[in-house]
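Which chain is which? They are A, B and C, in the order written, and residues in each are numbered from 1.
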Amino acid sequence: MYRLTALVTLLAIAFYFFTCINVSRSRTKTGVKVPATSGHPDFECAFRIQMNTLEWMPIFLPALWLFAIYVGDAVAAGIGAVWIIGRIVYFIGYSQAAAKRGPGFMIQGIAAIALWAGALGAVLRLV
Amino acid sequence: MYRLTALVTLLAIAFYFFTCINVSRSRTKTGVKVPATSGHPDFECAFRIQMNTLEWMPIFLPALWLFAIYVGDAVAAGIGAVWIIGRIVYFIGYSQAAAKRGPGFMIQGIAAIALWAGALGAVLRLV
Amino acid sequence: MYRLTALVTLLAIAFYFFTCINVSRSRTKTGVKVPATSGHPDFECAFRIQMNTLEWMPIFLPALWLFAIYVGDAVAAGIGAVWIIGRIVYFIGYSQAAAKRGPGFMIQGIAAIALWAGALGAVLRLV
């Protein structure tokens, strides 16, 4: 019953939650008070990491589950795990410098597009 | 097994993904560098189009699927297709001028509310 | 078939939709025009309430449904209702002052984490 995909979903949510907590910690460190979302480059990086992860959630999660349902649980979970790894690499890179966000972004982007394309192929009965 | 709704979901994600790519392209054109999200009116429009589409995803996608499950796949997919068309009209209008975003916004809003209300009626066993 | 969880999902979407409408009303009241998202403290509070609710949707909704599927519909819906109540308390508090957003935030955070942890436990066959 899609246990692997469910597990990857919960881990993806946990990682996203961590990016949210990181924004709160960055507020304390940089002195950017709510409701402001700018004012210090470090805070803006932490905020953009969270926002970008949020922005990809409605691409990743539906594609992950449609892939799991129409293709298979284990493959979906495997590609989903790659997405999480890409997100972690993106987080570490972007936290060092905005210019270092590329590789992690590529990994997670390819994983998400693979889920999307696989699901589309299966839905169109091409797979 | 909900193939039409799955297809509409994948197309909605693809359109949303396009609004994200459009923001990247707008960064290049207007010179607004990450992590900034303001600084040029054209960029701010592209950014708001993506954000507004993102903001509606957690309304549209759950309502679409609850409608599909509790009412029916084909009707859900049909209304979902109207939502995507409204989003495209919104994108074209807003890209020209902020004041021209109204008609597309109305179309997608009515489609989303129809999915929500239909799902609610069915869940409450009124349908 | 998960009617209670579906109902809570639709109510959560309705509340989130209300926070979006509240941003539009705040634009009229404070004179902050699209596509700007800052310029008046009251508007920024209304905007942050919507954004924070949006930010939690990809945590809450998947955790709610995985909990419903792997643990049970009624308990999921009960905890989900607590999340909505926490969100309403957060809305009322934050609308008065940014410093008053704490209690509601705690309630909804605990509810979301309970859904996440319960789902994780069940997925790992520990429950």
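The rule we apply is simple: contacts are C-beta pairs under 8 Å (C-beta built on N, C-alpha and C of every residue); 3 or more make two chains touch, one makes a residue touch a chain.
Every value quoted in this text rests on a predicted model; they were computed, and no experiment measured them.
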| item | value |
| --- | --- |
| Classification of the chain A:chain B interface as same or different, half of numbers criterion | different |
| For chain A placed onto chain C, the superposition rotation in degrees, Cα atoms, nearest 5 | 120 |
| Intercentroid distance (Cα basis), chain B paired with chain A, Å | 20 |
| Sequence positions of chain A contacting 2 or more other chains | 54, 58 |
| List of chain B residues in touch with chain A within their complex | 1, 3, 6-7, 9-10, 13-14, 16-17, 20, 33-37, 50, 54, 57-58, 61 |
| Chain C-facing residues of chain B, complex | 38, 41, 44-45, 47-48, 54-55, 58-59, 62-63, 66, 69-70, 98, 101, 116, 119-120, 123-124 |
